[in-house]
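Listed next: structures, encoded as structure tokens.
Look at the two complexes coming up: chain A is in both, with chain B in one and chain C in the other.
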Partner chain A sequence: MKFGIIQFPGSTCDYDCFFALKDILNIDVKFIWHEETDLCDYDCIMLPGGFSYGDYLRVGAIARFSPVMQAVKEYAQKGGYVIGICNGFQILLEADLLPGVLVKNHGLHFLCRYEYVRIENDVNPFTHLCKKGQILKIPIAHGEGNYFIDDKGLKELNANHQVVLRYCDHHGEVSDNNNPNGSVDNIACICSKQGNVIGMMPHPERCVEDILGSSDGRFIFDSIIDSIKNKSKAAYKEIHHDNQ
Partner chain B sequence: MWSVSIYVNLKKGVLDAQGAATNNALKSLGFEEVKDVRIGKCINLKMDGESRELVSKRVGVMCNKLLANPVIEDFTYEIEVL
Partner chain C sequence: MTTNNQEEILKKWGFTPDEYHKIKKDLNREPNEVELGMYSVMWSEHCSYKNSKPLLSLFPTSAEWVLQGPGENAGAIDIGEDKVVIMKMESHNHPSAIEPFQGAATGIGGIVRDIFAMGARPIALLDSLRFGDFENPNTQYLLKGVVDGISFYGNCIGVPTVAGETIFSGSYQNNILVNVMCVGIAEKGKTFKSRATGEGNPVILVGARTGRDGIGGASFASEELDDKSDEDRPAVQIGDPFTKKLLIEACLELVGKDYIVGVQDCGAAGLTSSLCEMASQGGSGLEIELSNVPQREQNMTPYEIMLSESQERMIVVVRKGMEEKIKKIFDKWGLNSAIIGKVTSDKQFRINSNGKTVAEMPSKSLTEGFPVCLRMGKKPEYLHRLNELDLETIPVPEDYNDVLLKLLSSPNLSNKENIYVQYDHMIQTNTLLSPGDDAAILRIRETSKAIALTTDGNGRYCYLDSFVGGKIAVAEAARNLSCKGALPRAVTDCLNFGNPEKGEIYWQLEQAIKGMSEACQAFETPVISGNVSLYNENKGEAIYPTPVVGMVGVLEDINDYCTMGFKHEGDLVVLLGENKEEIGGSEYLEIYHGLVAGRPPQIDLSFEKTVQDTCRESVEAGILSSAHDCSDGGLAVTLAECCIKNQMGAQIELDEKFRGDAVLFGETQSRVIVSLPAQNLTSLEEITKKYEVPLKILGIVGGESLQIKGFIELKIETFTQAWKGIEQVENNA
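Right, the complex of A and B next:
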């Protein structure tokens, strides 16, 4: 099993992702420079947080045109697992791999703190080891995490169960009072219709050890790892079956 | 050679947090007559093109592809001969 972490000029959470996977979860992981275009060695592609291309023009707007992003699109179309965290989420939206857009936080402040999020979709490859309604404590760190989508788009997201996490309080209550950035419907994380592409503002890689204040990020990582294992088992069975 | 000024603004209905904060700041300075503030971007280009129509067509493509995000932003532009 191998994870790939894409490095754009201006990525800053790439080493946090690397540390979480390599040192804590003992998973094989490699950095992928944004000019690379071959992703066939990887079981999951991560787009880390940061300020790719200085956030010029709009967050994620320039990174979308990196050579690697065409490869990420093809990888996703083939069903590969892609996770974008923070700036990675912003890039996935600009690249049309996920619907909607992220704009400035409604209070204009850059927010760096722990937040509670509620699991809304527990059948996704990235959250299937969680239970619907479970509350995770995961930090956010962003100035532009205010998720926006028009009413039609929001209806589609809800109808297709594409909302994966919502900001909530520690009891799991979702309301304007516990919406840190003004996101439509308290949305913190969404997935693609097929479920193999996910974008989230909270940083699971920053909470994989209790010493960091929470290890809830492991629910996300453990789910992905388990999904990859099951996928390769299914692929093995398929090949085995074909040979018989 | 042409000079193109492109104005990118948030669509109606999209909350403009910067505009709202600036509106409040203007009010606190005594400019009570200000009723709304929307903040956008102005992008100035100098470009080649055989005709105004061709330049306009190319600029429209640029805006839709990169300079504006059609999910939340509208754009207008003015073209002048240099």
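Right, the complex of A and C next:
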């Protein structure tokens, strides 16, 4: 099993993702320079947080033109797992791999602190080891994490169970009071219709060790790892079956 | 040259007649315009320390664990397991006063460059800020600009801002202080030196192109501010954190490459200082061709190119023949790299433009040639008046609850969360203890260790007694670290003072440095780097003398640290140290009585050290639930802070025989408030006995209020609200 972490010029959470996977979860992981185009070696592609291209023009707007992004699109179309965290989420939106936009936080400031999020979808490859309604304690660190989508789009998201995480309080209650950035419907994370592409503002890679204040991020990583294992088993079975 | 002419030159370039004479002597002729510009910046206080040098030599700078003291881009200490901590603090006061956002942002940019120029990955930023009166609209503008600037730049380069101070006082109304500290980690034996050696080795300029921004910034930083300072806005550089991030990654790819001869950051005084410092350190000469410098603007003159402080540039000297290797690395990161000259053996710094020499001087003349200013200090007049405070004249307050709420809601003591949530303090996932405690704690990867970091400095104390204030700045920083269980190891500092040409200011500087030096000796924390910022005046009015101390401490085990908040109902609350009747120079006196007077609390450094040793040993023994440094606002504020953290009350009894306000709000030094389970008391007593430190049981943790018998009874909710008050004000601003 191998994870690939894409490095755009200006990525800053690339090493954090790397350490979380390699040192804590003992997973094979490699950096992918943004000019590379061959992703066939990987079981999951991560787009880390940061300020790709300095956030110039618009967050994620320049990174979508990196050569690697065409490959990411093809990878996703074939059903490969793609996860975008923070700036990675912003890039996935700009690349039309996920619907909606992220704009400036309603308080107009960058915010770095722990938040609570509620699991809204537990049948997704990225969250299936969680239970619906479960609460995760997980940090945010962004200036532009205010998720917006029009009414029609929101209806579709809800109808297709594409909302994966919502900001909430420590009891799990979702309201304006515990919406850190003004996101529509407290949305913190969404997935694609097929469920194999996910984008989230919170940083699971920052909370995989208790000494850092929480290890709830493991639920996300463990889910992906488990999905990959089952997927390859399923694929193996399929091939094996075909051969017979 | 006529006398008139010479006077004009002296005035225009800010030289003394002595200095001008020395330049002529070093050159053996009259200097031209380019040379005058180069000397003007290099011999400014900011680059030369010509006023402070004799005093700075008082600092202890070495210890067994110090690998690099002052003189390089940054200082370095060995923390074991092949890891080296690199650190430095620098001021960006004047630029931030004129243009707060870019001033603060490029302050971060500059200090970060010093760290990775040593081959270290920057792992933490700390900022120590001083603004004018909180209520003043201009303060609000400057505060917002500075915080936004730090947030913008620090977040974008992916270096966490883990600790700092934000202090408000009328003294800084027109001359704010923005001091930024950066800490990095390098592999032992793989750090870079800033030097140019080896005849014929190429000199490569990497990073951003050179433009017309920040010309004369170093000279500007060495002048008093006045009404016309706004016109100096072009002297403030513009930061580009994205390019900086690329530059960091590219330069860190050079680590361990044996063909790197030297690396130097290109900061104050631009190419002039970075190049001549490399030549001077290497004992060599350099020959530079300006037409090879990549330029952002057209028709730049040699003067402009040499003096530009365009950001995001570095100088690398490599072994001859290795130019392509460097180019390849920088190409990958989309950065310019250009060979702009070569190392020579004649020890001359020669600048050519299209083959024609436009400036030439001995390398060392620029870096060391200036006449050192030996000045005489004079004890300030105001001290006689202010130091003689008669306690009897100060009315004892009737309602101590009211005093405590006022203190907790004051801008200096209230919650700063609204500021630090704007800084990414978690990135790099090493932050074990976040802002809001006595110190930040960061784990060091690939080791079992952690480091603790803090900044400290009290301008009011130094104003009232610079010698004692200097000692306390170091002692408090060390106490912050010891409370967390870390062994203080080294200091970096920023000395923010007024115009040293005035005897009274020079006296403050001298006294503060003497006090700091004594304390650094006592705690075995050598000064390994730092910066001096003089001429912090506006219209002739100097700021409080404000030495700011940045300190690093080492924890042998990442699990053995202590935090400040009370944790368990029923724990004992214990004071390590002694209460004394000292309210001079306190926050209480200023906030409640509107007085900045008296003498600051006195400090006995050897006693302070035993208190800290006691605290540290208790943390290591794992017998404490919490430990918190008792400082600004005194015992009552310290106890309230311990309660606020985990929303847990305490019942306290104090039996001191002196004035209630001095008991509660006096800022006597060498005190730590700890809490611990009752069954650990004997172990704590054994340690206090060993160090002969007084221990006093003050009460017990628990309940929903803070009760100090006979003085204070307040619900946690009530004083937490008061402490958070500043948030509302800021949100409305």
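Brief remarks on what is shown
Convention: the second predicted complex is superposed on the first by the 244 of 244 C-alpha atoms of A that agree within 3 Å, B and C clash if a C-alpha of one lies under 4 Å from a C-alpha of the other, contacts with A are read in each partner's own complex, and residues count from 1 in each chain.
Note that a contact is a pair of C-beta atoms (placed from the backbone, for glycine too) under 8 Å apart; a residue touches a chain by one contact, two chains touch by 3 or more.
The structure displayed is predicted, hence computed values, not measured ones.
In the superposition on chain A, A:V101 contacts chain B only, with no contact to chain C. By the touch criterion defined above, A:L129 lies against neither chain B nor chain C after alignment on the C-alpha atoms of chain A. In the superposition on chain A, no contact is made by A:L25 with either chain B or chain C. Between chain B and chain C, more residues of chain A are touched by C.
By the document's definition of touching, of the two partners only chain C reaches A:I211; chain B does not. In the superposed pair of complexes, A:L57 makes contact with chain B only, with no contact to chain C. By the document's definition of touching, of the two partners only chain C reaches A:A141; chain B does not.
Judged by the document's definition of touching, no chain A residue lies at the interface with chain B and also at the interface with chain C. Taken together, the chain C residues at the contact with chain A in this complex read 151, 155-158, 240-243, 245-246, 333-334, 421-429, 431-432, 434, 443, 445, 558-559.
Chain A meets chain B in the complex at residues 57-58, 61, 65, 94, 100-101, 103-108, 146, 148-150, 182. If you check the complex, the residues on chain A that touch chain C are 9-10, 12-13, 15-16, 19-20, 50-51, 53-56, 109-113, 139, 141, 143, 203, 205-206, 209, 211-213. Touching chain A in their complex are the following residues of chain B: 10, 14-15, 17-18, 21, 66-67, 69, 71-72.
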